[in-house]
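Next come the structures, one after another.
Both complexes below contain chain A, partnered by chain B and then by chain C.
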Partner chain A sequence: MTYQFEFSSLLPYWREFLDGVWLTLQLSAISTVLGFTGGALCAIARADGPPWLKRVVGAYVEVIRNTPLLVQVFLVYFGIAVLGIRVDANLAAVLALVVNVVAYTCEIMRAGIESVHKAQVEAAECLGLNRRQTYWHVILRPAIERVYPALVSQYVLLMLASSITSQISAEELTAVANRIQSDTFRSFETYIVVGLLYLALSFVVRWAFWGFGMLVFTRRRKLGTAL
Partner chain B sequence: MPSFGLGHLWFLLIAAGWTIALSAIAFLGGGVLGFFIALARISESRLLRGLSGAYVQLVQGTPLLILLFLIYFGLAIIGLDQLPALIAAGAGLTIYSSGFLAEIWRGCLQSVPKTQWEAAECLAMTRWQRLTRVILPQAMRIATAPTVGFLVQIVKNTSLASVVGFVELSQAGKLINNSTFQPFAVFLTVAALYFLICYPLSAWSRGLERRLNVGRR
Partner chain C sequence: MSAVVKLTDVHKSFGPLKVLNGVSFEVGRGEVVAMIGQSGSGKSTALRCINALEKIEQGSIEVCGHAIHGEKLDKRALRLDVGIVFQSYNLFPHLTAEQNIMLAPTCVKGIGRREARELARDCLNRVGLADKAGHYPEQLSGGQQQRVAIARSLAMQPKVMLFDEVTSALDPQLTGEVLRVMEDLARGGMTMILVTHEMGFARKVATHVIYMRQGKVWEVLPGHRLNDPDTPELREFIGSDL
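This part shows the complex of A and B:
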């Protein structure tokens, strides 16, 4: 075995790698924000909605969590095309990622909401808080703080899973890598570089979430403890 | 253009068999490798702890897709480019699941109270005896539910084996869709097949979890 590693032929492509990183970050950020919002709403619907809605959301969560993201991506991308709507791959990718991550967020948030003690809600009622105030101050905020670490892990996994959208040629990091390796024939080196980039990204995303958590959850910042 | 019919369904069912086979390989391989890495994670040697920790970080911090590409092209570099796709896919998924299973099992091993280690030490057991006779039986009970839950992840992630040319359920679906272009019929069937494999596992995992938590409620 005499294989000469040669990373130098990848150097001219540094801009494209960066573009890929940027699009991966954008895809993940948009899907995270939309996924979090949608997931929180689904969790509330599942905890407190009318029975039919509870069942619909429950079925949705089960279906998404028990089928692969790749198949969901294909369904969204080819499905939209067959309906006669022209959508570019990046938008289809975001759509599929959001549909996916909403279900996972819903399940995590549900656990958080269930962990809020019933007496807390009763106390809020006694204090004359209305439904919205109760939800926001007494249920959602503590629930989110409790499940924050699980949410962060899920969103890091989402960032890594966004690589799957390269299969429908969304131009994120993995798709860039696929193109560069077929240009340079330096496949192994290309994927080593991209693997390291993903590794760095996952650290950066984790740090960003840690910092965000410190900013938002004042109790954690001031007392150094969670709820 | 042919339309989606019974012949296609049969093709998908065979591909689903390959998905299950690949999941089994990944789980068995990943289980054995992951077990030793979990042990290394709680070992007394700082070097072993550091190395296994780095391994877990590396596997969990890179997408499975990249891992599969690396193995596929890496095998070609060391001259093993004639191997069937099953080997490359199996190796990639084995490494992937070992990284996650190791971390799940480390948590389970460490959730056994420390006093159990100490009590076993007082009974003059060796470290190996302490681990196999006292800690593992307790940790295994805690570990079953999350392990079965992770099986679902493995089954779903075998869908990525298509990138190294392995025809499993998703790839079969893609091939059929390319010839019929009926994405809803094809991919909904594919999704339904995955659901049929995964849902019983999810339900089983939930059941195990409920049984384990009986005492706490």
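This part shows the complex of A and C:
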């Protein structure tokens, strides 16, 4: 192999790499928060909603889980344009990612909700808790705790998958890389750097989720059960 | 004495299976009523109907002035007056003993956290578990979990307590510690209805024993007379418990 690695020509671009990392983090964080909220609501609707709503949510989840993310991103991006609304690429990217991750979160949360025994709900009702209180204190909190590892994997995946939004020119890490490699012609080196940056991001995101879990799930912390 | 709980000709089926076939009885204030009978005789179902956990098809049930069979039943108001303890404890696994007890008073009655914590300590004290406040259910024995469940119910200061085979999952020693708590409650004047297989306890503590058979009240007798029943069926049922 005679390839000469040449990383130094990337050095002038360090700021742009950092900007890309920052935007990737922002996209992922916003999509995670919105995706979790939406997904949890969809899961409740699917578990406990009126029949028509169950069907609508079920159809939505199936469509999203059986089409490629890239196609979904394009559909959201061009769909918004067709509606005559002007949004910038980053917002469109968040929208597309949320539409995607809500569906996956819904399925994970549904598994969590179903794992809570009916007798728990009965006990809560007998203590006089209303439906909202029962959902929050007795169903959702233990359900989230139980499926937390699956949720974390999903949101790490979301962060990695956000690279696809470079296709609609959201200025996240991969889009930055695409530009830098066409400026410098050091494609291999550029993507090595980007790959390492994503790897580092994954560790940071996992670590943040672990810390958050330790903070929130006091039982796990006190009993020393792994998350 | 006015009845706190009154069932009149209650009928209830699960599909084709007739579980309650015209059940009537009354429970007065401060009385302890033990329901005994074979599995499937309808005693647990009758208890669950009292708390509106099951719908009845015919007849009427009145509990602390609430008409359970009525269209306008306010279930939440009913459940402020009635406490229930289950065979499977049903403690909330992600909350400590203390938090399990505090949940309903803070959520439902809007009591402040500090006051609720004092209330929880107080209730844990009554069931002899003051030192377990910070323990999670999985760190407690079955008997301790059941006593926490009793304390959780007590914290809502119910007028009637229902016990649905609360010792059936426990070994004799743990059963003893739960029964002692229930005996204290009875002595304190709590109105109690319990479904039980503990004949000794029924004999000792119950004001009345109701023997259920084939979805009916077969015989009612004072607890102390449990050794000397009128019907041959109850005599046979007691005789099998040596």
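As a convention for this text, the second predicted complex is superposed on the first by the 224 of 227 C-alpha atoms of A that agree within 3 Å, B and C clash if a C-alpha of one lies under 4 Å from a C-alpha of the other, contacts with A are read in each partner's own complex, and residues count from 1 in each chain.
By our rule, contacts are C-beta pairs under 8 Å (C-beta built on N, C-alpha and C of every residue); 3 or more make two chains touch, one makes a residue touch a chain.
Not measured: the values here are computed from a predicted model.
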Clash-or-fit label for the pair chain B, chain C on chain A: fit
Contacts of A:133 with chain B and chain C, given as first, second, both or neither: second
First (chain B), second (chain C), both or neither touched by A:187: first
Touched partner set for A:6, first chain B, second chain C, both or neither: neither
Contacts of A:161 with chain B and chain C, given as first, second, both or neither: first
Partner chain(s) touched by A:88 [first = chain B, second = chain C, both, neither]: neither
Contacts of A:219 with chain B and chain C, given as first, second, both or neither: second
More chain A residues in contact - chain B or chain C: B
First (chain B), second (chain C), both or neither touched by A:125: second
Chain B versus chain C as contact partner of A:67, first or second or both or neither: first
Contacts of A:145 with chain B and chain C, given as first, second, both or neither: second
Nearest Cα pair across chain B and chain C, whole Å: 19
Chain A residues touching chain B - in the complex, by the definition given at the top: 1, 3, 62-63, 65-72, 74-75, 78-79, 81-82, 160-161, 163-164, 166-167, 174, 177, 187-188, 191-192, 194-195, 198-199, 202-203
Residues of chain A that touch chain C when the two form their complex: 117, 119-120, 122-130, 133, 137-138, 141-142, 145, 217, 219, 222-223
Residue ranges of chain C in contact with chain A within the complex: 51, 53, 75-76, 79-80, 82-84, 86, 88, 90-95, 103-104, 107-108, 136, 138-139, 152-153, 156
Partner chain A, residues of chain B touching it in the complex: 57-58, 60-67, 69-70, 73-74, 77-79, 152, 156-157, 159-160, 162-163, 170, 173-174, 177, 181-184, 187-188, 190-191, 194-195, 198-199, 202
